[in-house]
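Structures given as structure tokens follow.
Here come two complexes built around subunit A, the first alongside subunit B, the second alongside subunit C.
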Partner chain A sequence: MPAARRRWRIASWAPLIVLVLLCGIITLINPNFLTFGNLVRISQAAMIPLVLGMGATFIILMGSIDLSVEGGLTLSAVILSMLVINGANENAFGLFGVLIVLLVGAGVGFTNGVIHVRLKIPSFMVTLGMWFVGVGAANALLGGMAIRINDPMIRGLAIERFLGFPWGVWVALGCLLVALVIQNYTRLGRYIYALGGGEELAALSGIPVGRVRILAFTLAGVFYAVGGVLAAAQLGLGNAQIGTGRLFTTITAVVVGGTALSGGQGSVLQTLVGVLIVVVLANGMVLMGVPPSVQIGVQGLMIIAAVALSIDRKRMRIVK
Partner chain B sequence: MNTMLDTLRSDGVRQWLPLVTLVILVILVGTFQPAFLDVNTLLQLASDTAVLFILATGVTFVIMLGGIDLSIQSMASLSSVVVALTLARYGYAAFVFAFGLGVLAGLLSGIAHVRLRIPSFIATLAMGGVLYSAALVTSRERSITLGESERAYLGWITGTLFGIPNVVIIALIVLAIAHVLQSRTPFGRYSAAIGAGEPAAYASGVKVDRQKIFAFVLSASCAALAGIVLVGRLASGSPTLASELLLPSIAAVVVGGTSITGGVGSIWRTLVGALIISVVRIGMTFLGVNIFAQNIVFGVVLVAAVAITIDRSKIPIVK
Partner chain C sequence: MANKFISSPLGVQIKRRDLLKGAGVLGAASVFPAIITRRAFAADKPTVVNSIRSLSNPYHATWNKGGAAFAKSVGADYVTLVTEGNSEKGIADIKAILAKTGGNCVINVDPNDSPDARPIVEAAKAAGAYVVTQWNKPADLHPWDFDPNYVAHISFSGVPYGKAMAETLIKKIGGKGGIVALGGIESNVPAIERKKGLEEALAANPDVKLLDYQVANWSATEALEKTNAWLTQFGDQINAIWAANDDMALAAVEALRADGRAGKVAVTGIDGIQLAVEAIQKGELAGTVAWDPYWQGGMGLSIGYQAKTGGFDPSKEPKDHREFYGKGVIITADNANAFYEENIASEPKMDWNDIWGRVTGQIQY
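Take a look at the complex of A and B:
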């Protein structure tokens, strides 16, 4: 076992090495990469994927998957845009509105978890359904419109700065801290690892497997709602396309960071590295003049490469 | 709740449930909207179902093996873009080229899944991204409308034969090929065997990997064909042309009674499923449900159908 564990430790450093190499190469090609302005740009691009990645990491650590990222985020962003000061109605709930949105996110995640656990449906199917239910509900609420957000506090998340970085970046770092605490210092965090490592064993050791799963999906839903708040702040609008492409970036970030899809191996810090790899690569491609539409394809290839490298084939006899 | 589910799952009921649902839905919509049962309306319904059915047919083979293909909508869109871009210069060869691209994409998905041992949902999610990106780049992120001269090549899609729209005939040909593949070839029997129990199939000497790759090729080439038919019907190609079709396609397969755990299912069930989805869509449009909000219904229907059809004894640990 020690040998295997040592190998895993080296493997978990690989993403960080990739990140450093990537930064080095891009700097050589375009020295503008290392300016403070570009650093802020990278942090702005990274804040939403980071928050979404925190939620998705816990799910993937259990060996499950959550495809409802865009559903939760879009619904949250649209509901937020209708609750704070906006161009469509007289509501002005402010922070209370944000709280409601977090509850909505929790509700979406909780529903995922309950259907998954109680009806014993594989998570990818439940969350595939929820993806479209969420986006569909957002569409139904909007009725084809987009709602402008005029709330100075929400807009401030993207515009106002503290120590040179937008408040949204600090919110994202706060989420990282919360996720780290949950992962390392709570029973839920340890149970999630136990489930991913071997569910039968976890159940036999008395871990309430079903409850842990439902809690993890609920937690993920809250993170997606925070992502929705940040996305609405960044765009200044609540519209139904606000989530497009975010599932892809999120899953890329988590698996590129080295969290294994088979569960049990990985961490939220690795997801931070994964997010930075994805964002830095995108930023570098922009600096080199590669059209943004190529990035989705590159991310797709990164998913395949990262999963192929990190999968523990000995543990998976049948791959479906 | 559970006893109700058990009743629904008992084999006799489960087998006929989709067909009964379809008949009830048709009667329901027909009562509220008598014009719906008109021959022309029904032919229109069949034409509207054709694309969905072709997409669902391909993915049925993958689901029968216990996998999933989340890249079909991107493949169909890419195929529409490729046809729209090359039709003027290469004529009918454009269709062959688009179809060939589908075969290639399916081959790559299948190899990534089987050789690299990546779970199919993630391999095809990633492949879908690559295909979507390719469609965006080649189309320069816009929709391409076909000119008058190019539309001349689309007669085999837009025309009618003895009063039956050609799209319906194309869909029927796909149905016939799929039926033969499923019930008259080794591939069909091996698929059923792999879906029913992969280790047993492997131990009996079935070349599991090759069958799986073939299923992904079928899925992606059906998607490419669906994209071609879409170009014919809309006279344009775009990188997002089919993006709303993933959910209804998978829902059609599952609603028809094919189980996502593999082994149980058939192309006829997918036909029934696709018709159910179409009738539900018409019913909702009739009731004035927003086209995007319809996804809420399809999402719920998908999960409900999975809950009824899934074979829980096959997955001791549900992840």
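Take a look at the complex of A and C:
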């Protein structure tokens, strides 16, 4: 069906059009928007949502949801702050500490997946629980305190630059590349799409559904851990509130980018566009002088508009 | 079959009735020891009690330390009650300690929510105990309506401290330049008060321009993003950043650092958390205000204890001793080292007899 194909393509370009329009409008009102300095600042604001969005995209592509973003991120950031050179203890594990943190993230994701698949509990409930478990564990580790990170390598992710951009931005781009490869060139990527398109069919054609789900959640957990490392690097500390508000931005970015919550449709590149829309909008509202009390409302309208433009109504019979 | 029987409505009813019976027995049992303890404690020193939200945040943990230090100074028994954010638990625990001590106690409470203060005060009055409340109480509940048991209510006004921080910034930038401000959640009373203080300071300094005011909801992440956008919009016009709490202030410092402007823009916070005090010592932050929970935890008890043991008669005290604003400690580069040594590195030293030393006026509603 070539006609249907073409329509789908236009719909998938909609978020990019929204992004370009948005940049145009902001530039008209405040030309400072298009300066290199602001480009760097937008990339800094986008790096963490982008990495988190990579993880969440795979989960949403399967038709599941992952609410444990803040749990994984907070726990990772707090553990990192305790392992690298910091203001509270004598540890100095450096890169090895980062590796441990990635393993912790994988562990959180793996737990999500196993509980979800083996105990047959909906991903919504499992990950909601893991969200609180993660934040709770971080709280228990710190007792409400904050730990300052003094490790020059970690701080360098936010402060040191390469080709004008902070290292953290390059790390985020690296994550995007990894996610792209997984999505397009691995069996896991193809299976994830297959599960989202129709799980029963996928199971009948011999795809190990349970294993794919557990792997996808584990992968997402690793991305959240990277997000935690970047968040800790950016603020120079680890505390139990470091993840607050990240879940909302992440899910928003994925959905605004055009990935369907019902699964099967979307891609990590679309999430990149979604992240940029959300970040540019937040940056632009300050630049355009939108009053603080109105900003959150504008954000909400923007989400509805972006999704309204990007969904393909022809293929949908039922909307819940 | 067995499962079915247990989950039937009949089964549940029986269970409930058993529970009620059990509760009745427990209730009767708890009355009995209460009578005994009353005799045992009658001639003894009053027990001193702090009721606070939790021990897992540094603020209330320090509060608890202050309470323990006061109790030790007078040789009284010390009890900490923790609400864990649950008003019912908070009130029930206080009633239990009133019964246990037979009213021979002094309670210093940070009520979980404003309405909780009324049942707490009423229960204390009925039992003959003395109570001091802090931060939260209904506006129409006054200590002088419960003489002498409701000794005092202590709170802190954000206005003078929001103003003091703004003045610190203005002084630092030489009386003229551009300021941006990061506010807390718009509907929070402390956010409103601190912003009002900022506005008062700006009104008195026409050469200082408020370039923009953004709401960052007390959040470091949001503060970082807003500061980044400001750097694009205003660039070198920004001479100072005023933040309504320390978390946002420290995030602003990080945004400046990532932009290569560390140290070129003055920043202040409020709350006096440890990282903020350390940042002042390092010269990254220009100032903050510490509420001194150590004082709150100990002095609240001291005021109640002295009233209970006849040190003064609450009903004869003026109204600005019954409902008063306490004093925050303004920390800048001048006193950051001393503050750190006295309050963070070691146990603070307090004169617990100086009960009205930090009164800064009657609370206005």
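Convention: the second predicted complex is superposed on the first by the 287 of 320 C-alpha atoms of A that agree within 3 Å, B and C clash if a C-alpha of one lies under 4 Å from a C-alpha of the other, contacts with A are read in each partner's own complex, and residues count from 1 in each chain.
We take it that a residue touches a chain if its C-beta (ideal position, glycine included) is under 8 Å from a C-beta of that chain, and two chains touch if they have at least 3 such contacts.
In this text the structure is predicted, and so the values were computed from the model without any measurement.
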- Given the touch rule stated above, what does A:N32 touch, subunit B (first), subunit C (second), both, or neither? second
- Message: Let me test your reading of the model: by the given contact rule, A:I159 touches which partner, first (subunit B), second (subunit C), both or neither?
- Response: second
- Task: Once the structures are superposed on A, label A:G297 by its partner contacts, choosing first (subunit B), second (subunit C), both or neither.
- Result: first
- Query: Looking at the overlay, what does A:W170 touch: subunit B (first), subunit C (second), both, or neither?
  - Reply: neither
- Can A:F93 be said to touch subunit B (first), subunit C (second), both, or neither? neither
- Query: Which of the two partners, first being subunit B and second being subunit C, lies in contact with A:L237: first, second, both, or neither?
  - Reply: second
- Message: I'd like to know which partner A:N139 touches here: subunit B for first, subunit C for second, both or neither.
- Response: both
- Message: Looking only at subunit A, is it subunit B or subunit C that touches more of its residues?
- Response: B
- Message: Which partner chains sit in contact with A:V286 here, subunit B, subunit C, both or neither? Use first/second/both/neither.
- Response: second
- Message: Let me check the overlay on chain A: which residues of subunit A are in contact with subunit B and also with subunit C?
- Response: 139-140, 143-144, 293, 295
- List of subunit C residues in touch with subunit A within their complex: 54-59, 61, 183, 186, 212-215, 219-222, 224-226, 228-233, 235, 247, 250-251, 254, 257-259, 273-275, 278
- Item | Of all residues in subunit B, those that touch subunit A in their complex | 5, 65-68, 70, 112-114, 116-123, 125-130, 132-134, 136-137, 141, 198-199, 247, 250, 260, 262, 290, 292-300, 302-303, 306-307, 310, 312, 315-319
- subunit A residues within the subunit C interface of the complex: 30, 32-33, 35, 37-38, 41, 44-45, 87, 139-140, 143-146, 148, 158-159, 166, 231, 234-237, 241-242, 244-246, 282-283, 286-287, 289, 292-293, 295
- Query: Mind pulling up the subunit A residues that touch subunit B in the complex?
  - Reply: 62-65, 115-117, 119-126, 128-133, 135-137, 139-140, 143-144, 199-200, 240, 248, 251, 255, 261, 263, 291, 293-301, 303-304, 307-308, 311, 313, 316-320
